[in-house]
Every structure is written in structure tokens, then in C-alpha cells.
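First the structure, then my questions, so here it is.
In order of appearance the chains are A, B, C and D, and numbering begins at 1 in each one.
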Amino acid sequence: MAKINIVQAINQALREEMERDADVIVLGEDVGKDGGVFRVTEGLLEKFGPARVIDTPLAELGIAGAAIGMAAYGLKPVVEMQFMAFSYEAIEQIFSHAARLRNRSRGRYNCPIVVRMPYGVGIKGPELHMDSSEALFCHMPGIKVVVPSTPYNAKGLLTSAIRDPDPVVFLEPARLYRAIKTEVPQGEFTLALGKADVFQEGRDITAISWGAMLHRVIDASEGFDCEIIDLKTLKPFDEETILNSVKKTGRVVIVHEATKYCGLGAEVAAFLAQEAIMHLKGPVARVAAPEAVVPMALLEDYYMPSKERIRRAFEEAMKY
Amino acid sequence: MGEKVIERFELKYLQIVDEAGVADPSLISSFPDGLIKKFFEAIVLTRTYNERALSLQREGRLGTYASVYGQEACQIGSALALEKGDWVFPSFRESGVFLTLGYPIWQMLRYWKGDERGMKIPRDINIFPMSVPVGTHIPHAAGAAWAMKIKGHKNASLCYFGDGGSSRGDFHEGLNIAGVLKLPAVFICQNNQWAISVPRSRQTAAKTIAQRAWSYGFEGVQVDGNDVLGVYSATKGALEKAKKGGGPTLIECFTYRLDDHTTADDASRYRSGEEVKEWKGKEPLVRLKILMQKKGLLSGEYEKTVNEKAKALVDKAIEEEEAYPPSEPEDIILYTNSSLTPRQSREIKELGWQK
Amino acid sequence: MAKINIVQAINQALREEMERDADVIVLGEDVGKDGGVFRVTEGLLEKFGPARVIDTPLAELGIAGAAIGMAAYGLKPVVEMQFMAFSYEAIEQIFSHAARLRNRSRGRYNCPIVVRMPYGVGIKGPELHMDSSEALFCHMPGIKVVVPSTPYNAKGLLTSAIRDPDPVVFLEPARLYRAIKTEVPQGEFTLALGKADVFQEGRDITAISWGAMLHRVIDASEGFDCEIIDLKTLKPFDEETILNSVKKTGRVVIVHEATKYCGLGAEVAAFLAQEAIMHLKGPVARVAAPEAVVPMALLEDYYMPSKERIRRAFEEAMKY
Amino acid sequence: MGEKVIERFELKYLQIVDEAGVADPSLISSFPDGLIKKFFEAIVLTRTYNERALSLQREGRLGTYASVYGQEACQIGSALALEKGDWVFPSFRESGVFLTLGYPIWQMLRYWKGDERGMKIPRDINIFPMSVPVGTHIPHAAGAAWAMKIKGHKNASLCYFGDGGSSRGDFHEGLNIAGVLKLPAVFICQNNQWAISVPRSRQTAAKTIAQRAWSYGFEGVQVDGNDVLGVYSATKGALEKAKKGGGPTLIECFTYRLDDHTTADDASRYRSGEEVKEWKGKEPLVRLKILMQKKGLLSGEYEKTVNEKAKALVDKAIEEEEAYPPSEPEDIILYTNSSLTPRQSREIKELGWQK
């Protein structure tokens, strides 16, 4: 099996799904000739032609809106938003239309779109290139939100997202794009949406994270008997896996790049405060960004949860 | 060097039958009697439905309702130009379009009563659920047209919105994308002079909305929106052009909203009775009847039958609607996605909603 | 003191602030001649003229964006979004610009805008007229989010919001607009942002809610020794008041109209799971909408947390 | 009845100095020598800065940087037409505008290094922080112009964006509002033929971007964006008109991005060397120098002084920038609002960031 990075894994998933299903198309800014600013769609234009790999005007709400019309008509559009923050213009289309089309038409129409976007801090990008606003999408009934943390699950999860009959927001941790290479099978495979991975078993602490933070958590876990959960699907998250782990450890540390306030960590913690309170030995800790927008490159490293902050949270947890 | 003119545009206005019922002789000739009667019958049905909906609302049997009175020609003229396989993207005021496409009337009433099942579109009608957020459905029409093009289907999408809707970013991005990709889409702006209380003159400083087409590299035309023949002709031409690969068209139907914005509105707060009166004189049915009379198409007998048939259809629909069983609370959750999340299943149980 | 409803209270606050400060202006769809679709701005055009009470084109992102430019130049625009769901097109302007202008310019510019909007279920409105998406705005660093529950605090909070030097999203519970009349002083007064009210003291349960749900909670509390907290400011919420109450009662029920997943209730619960875990006697309960978009009028009543559901949560809490 | 033309438009193109440095005799006459020298000096400064920024980036001393090479005339010609009290709303490529307004060069470099303090605009310069999300600042320019109008200030706002930016909803809503309210705003679209890899032809099917002005009821003009005199003249006229209450203008500067989109881009992936070469022949400095030579304004001595002065300014700025102390981590939080929330204060403590 070849070792590939996340960019290649996503590219492979797109390529294989496009080969398999003529209704799958790719659209967005610079996805064609340029192959995407991160080269995720590289080579697709050459292989599938300009009717299926489409460079669009610079118009995020238009792109999302058009994809909704396409999807209702019978295509399976995979939209690329160049960076997460540039999807904000499209939020109304995603929230008021994509998320609701099936419900509003009582099942007559559905909206099988995938909205891919790189997200997250840690790439020394310009302003608004490093937001982590997954919680906004998680708050929308009807929208699934998926984040891969490895090339393997990038491919499997994207394949599932494309085949899903409903809208999926697929968040790609830009920091990881080329940072890790792992073995990924050639040929199609899927990973069920809604299922978390227990990346590592442990008895003392349940550490919950996703995307780039998973790797920080792994780093930080040395010396702790830590059960590490990679959430993978942020909405709906895998309640069972989390609950089973917390019942065992009684200690929880949630780590994410986004700010705490109404972040996804809040939902995980609130879920546990409702469903697992009797199993908790101490506070549910969230290690997250401070209440501030993502800083520019020079301060970026301070913003992102550091290994040290995560370790401190583990140490704190072990006091209970 | 220096200054030179590099582009010139002309905007045309089309009217086939004027307010007095006088028709342009060369343009009217292509209209068979049967078609003119169809116009008439559809307008009568729409008015009948609309009046009943308004009175049902007054009786508390429907929720807030948006009257179509005055705009029937825009809707019927354009909808009758559609062919099977074309797709329609309506705003919330397109009762005339729904009716002309044969949409089940009881479902329309059901929707306005506050039931999602009203927009469970029958399989043989290609219309989207009405769009409540103004203008947001315009890119959907572009997208469907795009899909038709990709799939090689020789159809078109037809999108309705108002003068207010033309101020939204969705209008711009949707029409621009349609222009770039040369999509088979026809955009119909029903400029009814008002967006709730905001007059057309405050919606944009442009003289017409039709002229915006040039911003997107395709053709625009303003039509007398109270002239059903004019609207039909413009739409038919635009749809044919679209299906032949000629790209999109923007049609501005110049019309007037004769009623309040919705039943929740009181238009007397912001516009004069004289203005409304003046526009009543231009409304679409009167002139069509004059034309039909001149052509000998409007016998008393015929008119009576048409009226009665419309009334009977609407009466029957009201009965059907009222006999329709209520939704289950579970339905609130059930249609969110193709399958329930574990949490949703739990919620249905906790709420005691399982059937 | 005259008894007035929330519509009148907001109107009074606007009127008095406009009299006091010539830089305060009102803009939005139908706010002028029509006085707003809920008549909240009635009479302002007549009094302050068309330069300060402005009917805009139907263009939510344009309205919000223009308000940002106005605010940076020195005005204090109060924007009306006709209904909450129609603000979604403006989310990018609010999140990427209004919320960040001070930070991005390191204090050179600030953005004193107020974005008012009716929200919430319970008005038998058409589709998309009854969303409760407060959590989206709460997740944006730099944005304050305020919800009044009575005429008195509608006036005091709006006055504070207008005077605040930073952007405030002011959510008006449409269901309450004309539902309650209370005595409200004529003349200016402010209520501090960031402070909750203890509406009623109690020893057994801390019930946390805001806006229309406060009144349901009050109704449901009969027979329980319930400390009822009206959050008033959703972002940043009053941690101290909540904490003090929970330390006393050890039992928490949070009630809101929005869906749970990443709703504001999650943040409150997560905050408690971190800061008050040792004081909690049982699970932190959230009574909220099910995971679905707001239904149309006929099913609406099922969607909104009912008195019975809230009472059940209280009973459940008392089991611990 | 029938079809008639109801609106006609003409779009003009303006060029005062052509690619060969030949000037339109009647249009050049109003340009004093001193102004022409100002153009020259500003272009030299911008190029000097731009080249240094690019090389600093290559050395890893700046982050991703967006080169202005090729677009200097659009930016300098327009910025020199500004008066005190006017406000500027730039996108991310407006180094030429910042420099022309006297923006501290070390701050510009600091910004591109990744320091928010680079956009802590000096009090005497009315420019907004660069807008990274494309087109989103257009409504801000309308808003500032609106505030000027409300406050009775006789100033205007000037907004810069690209051909890509003109496809966004913000463009539409911002310009439309400016038109309705007749705001003192001038919108400059630098059509540099590319939005990263997307060519102008794929951005819109409209022949020009300038023609969009008619969608909003005001005037538009296309200018040779590599002719600094033409840009100056068009902008000056538009600003004057705006300040006199004549409403907004849309100016399309027809130009070319000679470098990669940013230092993170590789334009050879999507456009041909020939195209770039052809446009190099039209770049703004060469023709200006020919003009100046003909007018006897370009002695070797003068040119040398200008070059050296620019170099010295940039050198000094690089030193200042590098000597500037780093931000405190606390600054990440400190500027969110006028005061800290309790949670923010706690976070600063927990993170060990208090000063």
C-alpha cells in the first residue's frame, strides 16, 4: 500500500467517486486548471473535463446555491470553499436551504452536496485563513459535519460524505494536509459517518479531539494512561463511544482549536454533564482557543492549544 | 487615445395588448384562440383561488397569506410557456404559477395553513418549494439549469422573484453564474412596484431591472406584466433560446401588487389609494376580456362555465384540505435527513412521539 | 409609571437615544414609513426624518456592511433585520468584519452597531420566521448577544446596547412583543450588559433561561423551590450569578427554544461541568427544541419546550 | 403596443497616454509637470517597495505577500486624486494606495509579516485595514459615504476591489445601496484579468465590468488602468462629482497582474508566458517615462535621486520594522472589545499572559 498524505487521499477519493458515479462533479474557485490552492483537485480537470470540474466565479453564496439546485436536479456536487472563513457568505444557503430542503418538501427533494473546506490554525496564513468555526455548522439541523485526522480517514470519510444523500460539511485540517503520510488502500472504501475512533485505549483520562488537535493530544499524552478519541464526525458525534470511555475513565479533557464559547466542546461537555454526570470524577476540561479571533501569523502559536496546555489539563484531571 | 464609446446597449419594452384591450396586429396573429382561452381560464382560476384564500385567512382558517391579485398575467403567461421537464423556482407569491402547473389546490391551502406537506411536490410537477427568504432561490435555478446542461437535457429552469429580490446578493451571484456558464435559465422579475412598504424607486436607482441583464452578459427585456400575451411571448422566446444553448434571459414584468403585501400587512400605511386605483385600471383580466370580446371568444355561457368550474375546483380543494389528517409531531424530526441520528431517535421517544 | 409592552419599550429606547445622540440612526427594511413590520420603529421617521430613519433596499449583507462603514466613520447605526433567519446573509459581515474591526486595527477603529432582530418560535409565522439561532452569534468573539424578557429590560438593555462601543446583536422575542405589559420608567436608563437577573430566589433547582422561555419557566416552577435566572445577556453570560446559584441548589435545568446541539445551553452546561462539577447533585438538564428545524405553524407548539416538559425536568432534577 | 426601445446606454473608455507614451493633446494639457513627476515618484516608490517585499518574502522574512506589479497606475492615479477627509477602503493588493497616502512603510511590512499592528492605521490617514475576504469591504465604503452624507461632510469614499470581487453579492448590494442613496462613493475595480487562476472571461460574461454601473443607476467608465493620467483624471472627476452630490461612479481600470497572485501562487500553471509578455509591453512606468522624456521631465539626475530616495525610504522602513518589539500574546485577546469579559481576564491569567 502506498503512503500518501491527506491532500492525495482526498484527491483519490474525489477521483474514484467521479469515476464510479457520473453525477459527482467538483466546483469552486481555482479547482480546475490550478488544481485548487492546496492542489487537492489536481489532475481532475484533465481527467474529467471542464463540465465536471468547474472553475466558478468568485461568489461563495452563488456556488453553494447553485450546488443546491444541481443536487435537487440529480447531481452530486462537491463544492470547495477556498478557506473556511470564505464560506460565511454561503451560510444562509447552507442553513436555510441545503439543510432544510428535504424537510420542507417532506422528502420530495434531497440535497446531496458536500461542501469541502480547509480550516484551522497553524499554517501561518493571512487573516481569515485559519478560522475553526465548525460549531456554526454543527448547530444546523440537517447538516452533517465531518473532520478527518489522517489520510486514511480523509479518504474513507469523504467517500461516505459524497455518497450520503444529505448535505455534509467536510472540514479539512489545513495544517495536516501534507504533514502526515500513512498507508491508504487504493480503490474505494467508506468509513461510516457518525462513528468515532478510539485511537488509543486507556484507563485514566478520556481525551476527545479531532483533526489537527488529535495529533497534539497524542503528543501530550505521553506518560498518561489516556484513552484518545478521534471524533471524526462532529455532527452527529458518536455518543456511545464517548460515553463508554467516560464510564471507564471518569475524567474528560476535550481539546479543540476553536474558541470555547458555544464551540463543539461545549456540546460534548454538556452531553456528558447530562448523561454521565454520575461517572465523572472531576470537572470536564476544555482546552481550546482563548475568547478572541485567530491572530495573524506571529501570534498564531500562542493561540493554538499547546502540548503544554494539554498536559496541564491532563495533570489537573488526574488530581480527581 | 482620448475618450471613446466601447459598448452600446438598448433595452426593449414589449406589450402586445394594451390597457384598453387593443392588440398589436402583427404580434397577436400568432396567438391561437385556444391559447387565449387558456389564459383566461387560468386567470379566473387564480383569482377564484386567491379570493377564497384571502377569505379563509380572514376566518382564521389559513395563516398569513400573500395575495397574487394584479400579478396573474406575469405568472400565467410565463407558466404556460413551460414545457414538460422544465423546472420552476418560485418565491412565495406564485400561486398563479402553481395553479397553472396543475398543482393540487388543497396542498396549496394546506401549506398556507402551516403544513409542510403542502410543499411535498407531486412527482410529475417540477417545482421547488416556495422560497420564503427573498431572492435566495435564484442560485438554485442557475444550479438546476447547470445540471440540465451537464446532463444534456434540453430543458430550462424558470425562476420568479420580485423587485425587492433583485437587490439581493443571490440575484447577482446567481445571474452572473448563469451568464458565465451560458445556462438554460430564464429569470422573471415581477416588478410589482413594492417590496412591502419600500417603493421600487428606493429599491434601486436603475431605471429598470431588466437592464441588469447586461451586467451578466445576456439579454434583458421589460414586458408589460399585466399583458398576459406579452409575458407569454417573452417567456416562450426566452425558454426556446435557452434550450437552444443561447443562454439566460432576464424578463422584467412591469406590474403591480393590488393587495396588501400579505394578510399581515396594511398597505394603506404607506401608499395612496389613488395609486392603487390607477393600477386597477391596468389590471390583466379586464383587457383580456375586452380582447376576447372583440374576437368573439367570450360568450356569457362560456364565462359562466369557466367561473363555475373554477369555483367548484376550489370548493373541492377546500374540502379535501379540511379532511386531510393532521401531521404527527414526529414529522417535525423525521424528515431532517434520510435517517435519524441516535439523538433524534431518543428525542422522539422522550417526547412520546413515536407512532 | 405607564405600563407598556416590549414593542413600545424598544420604541422608547430608540426614540430617547436618538434624541440624546444625533449619531444614532435606524436603518432596515420597512423601518420608515411602515414603522417596521412589528411597528417597533413606529413614529421615528416622522420625528427624526428620512436621513436618520432609513428604509433600505432588500439587502441584508449590504445593510449590515453599510452599517459597519457608518459606525467606523462615527455614527451609531441600529440595524433592523426583519426576522432572524434573514440575517444569515449578513453573518459574514457580522463575523468577519463587525466582530473583528477593533482587533484587526488594534483599536484604531471600533464598530458600535446594534443589530436588532425578532426571533423565536410561537408566532405562527411562515417558514424561516421563527428561528432561534442565538448560538451562532454567541460563537463569534467580539459580538455581544442580548435578549430581553420584559418591557423593562428591553428598554434598559437596548439603551446599553446602543451606547456600547462594540457590536451587539439584540434579539427580540417576537412571541413576547405584545404579550406582556409592565411599568417602565420614562426617560433614559441603562441595564448593564453581562449581568443576569435572579428573577426569583429558590433553594432546590437553578432554572436558567432567557427571552420567551423565561415565562414558561416561571409558569412551570409552581410547586418547586426554584431559583429562576433570566440570563439577559447571552454573550458574555453572567458566570458569577449562575455559579452562586448552582453552588446553592446543586441542580440545574436550562431551557431554551433553540436546538441543543451547540446551542447556548451547551455552553452554560459545559461551563458548569468545568467550574461547578463538585456542587452538582445530578445531571445538568437541557430542555430545548428537538434536533430539527422549526416546523410550520401547525406543529409549532410541539416544538417549543412546553410547561410539561419543563416540569418533568424539574421533577427529574429533584430525584437527585 | 408592440416592441419599443425604452433605454439606451453608452459605455466610454478613457486613455490619455497610450502604450507608446503618446498623449491625447487636449486631455494632457491640464496636467501640470509637478503632478506628472508625482506620478513617477509614487510608481518608483511602489515598485521599490514591492520588489523588496517580494525578496523579503523569499528570504522568509515576510509571510504570503500579494504583489502590486503592473497595477501601480490604477492605485497611484486614483490615490493622488484623493483629498484630506476622504476615506479609502482597500482590498489586500493596494500597496500603491497605502504608499501614496504616506502610510508608514514599516507598518506595511509588519502586517505582511503577520502582525495586526501593521493595520493600526495612523490617526491622520483615513484608510480601512485591508480586506482579505474578497469584495466584503465594498458595503463599508458605501456606509462611510452614507455617514458623510448624513453628517454633511463634503468628502467621499473610495473603494478598491478586483474583477473577482465584482462577482460577489457584496458588490451588488453595496453599489445598489450607494445608487439608491446617491452616496459620495467611488468604486474602482482593478480588472487585472485574473482572480488567482480564473480568467476575466470566466468571472462574468459581461463585456466590461464598468457597464454594471447602469444596474445601479449611476455612471461607469472603463479606463486604461496602466495609464496613470487616465486613472487620475477619471477618479478626480468622479470624486468631484460625488462631493457635489452627483452620486457614485464605477471606474473599471483595465490592467494586468504581472506577478503571481501572491507569493503562494504559481501563475505558470494557468496562464501563458506570451500573455504576460504582451502585457509587460503595456505596463505603466515605461509609457510614463517616454512621456516625461518628451516633456523634458526625466533627467538622469532626477531619476537617480528618485530611485535612491525610494530605496532609502524602504531600507529605513525595513530597519524600523525589524527593530520593532514583538507583540505580547495578551494582545491576541486584548483588542477584542473595549473591555475584557471576565472569562477573557481569566484566560489571560490561566495562560500566563498578563504583562
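Rule of thumb we're sticking to: a residue touches a chain if its C-beta (ideal position, glycine included) is under 8 Å from a C-beta of that chain, and two chains touch if they have at least 3 such contacts.
Just so you know, these numbers come straight off a predicted model, no measurement behind them.
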item: Chain pair with the higher count of C-beta pairs in contact (C-D, B-C); value: C-D
item: Between chain C and chain B, distance of the C-alpha-averaged centres to the nearest whole Å; value: 36
item: Chain B and chain D: spacing of chain centres that average the CA atoms, whole Å; value: 43
item: Where chain C and chain D are represented by their mean Cα positions, the distance between them in whole Å; value: 40
item: Centre distance in Å when chain A and chain C are each reduced to the mean of their C-alpha atoms; value: 30
item: Touching two or more other chains - residue numbers and ranges from chain B; value: 116, 133, 136, 167-170, 172-173, 176, 180, 202-204, 331, 336, 341, 343
item: For chain A, residues that touch 2 or more chains besides their own; value: 56-57, 59, 61-62, 85, 88-89, 92, 96, 103-104, 127-128, 141-142, 236, 261, 291-293
item: Overall pattern in which the protein chains touch one another (line/ring/star/complete/other); value: complete
item: Residues of chain A touching chain C in the complex; value: 61, 85, 88-89, 91-92, 95-96, 99-100, 103-104, 127-128, 133, 135-136, 138-139, 141-142, 235-236, 258-270, 272-275, 277-278, 280, 282-286, 291-293
item: Chain D partner contacts - residues on chain C that touch it in the complex; value: 25, 51-52, 54, 56-57, 59, 61-75, 77, 89, 92-93, 96-97, 101-110, 141-142, 144, 164-166, 194, 236, 239-240
item: Chain B residues touching chain D - in the complex, by the definition given at the top; value: 1-18, 22-24, 26-27, 167-173, 176, 179-180, 182, 202-208, 211-212, 214-218, 222, 247
item: Complex contact set, residues of chain A against chain D; value: 29-30, 32-35, 37, 55-62, 85-86, 88-89, 124-129, 261, 290-293, 295-300, 302-303, 309
item: Of all residues in chain D, those that touch chain A in their complex; value: 63-64, 92, 111, 113-116, 132-136, 164-165, 167-170, 195-198, 202-204, 264-265, 269-270, 326-327, 329, 331-333, 336, 341, 343-344, 347-348, 351, 353
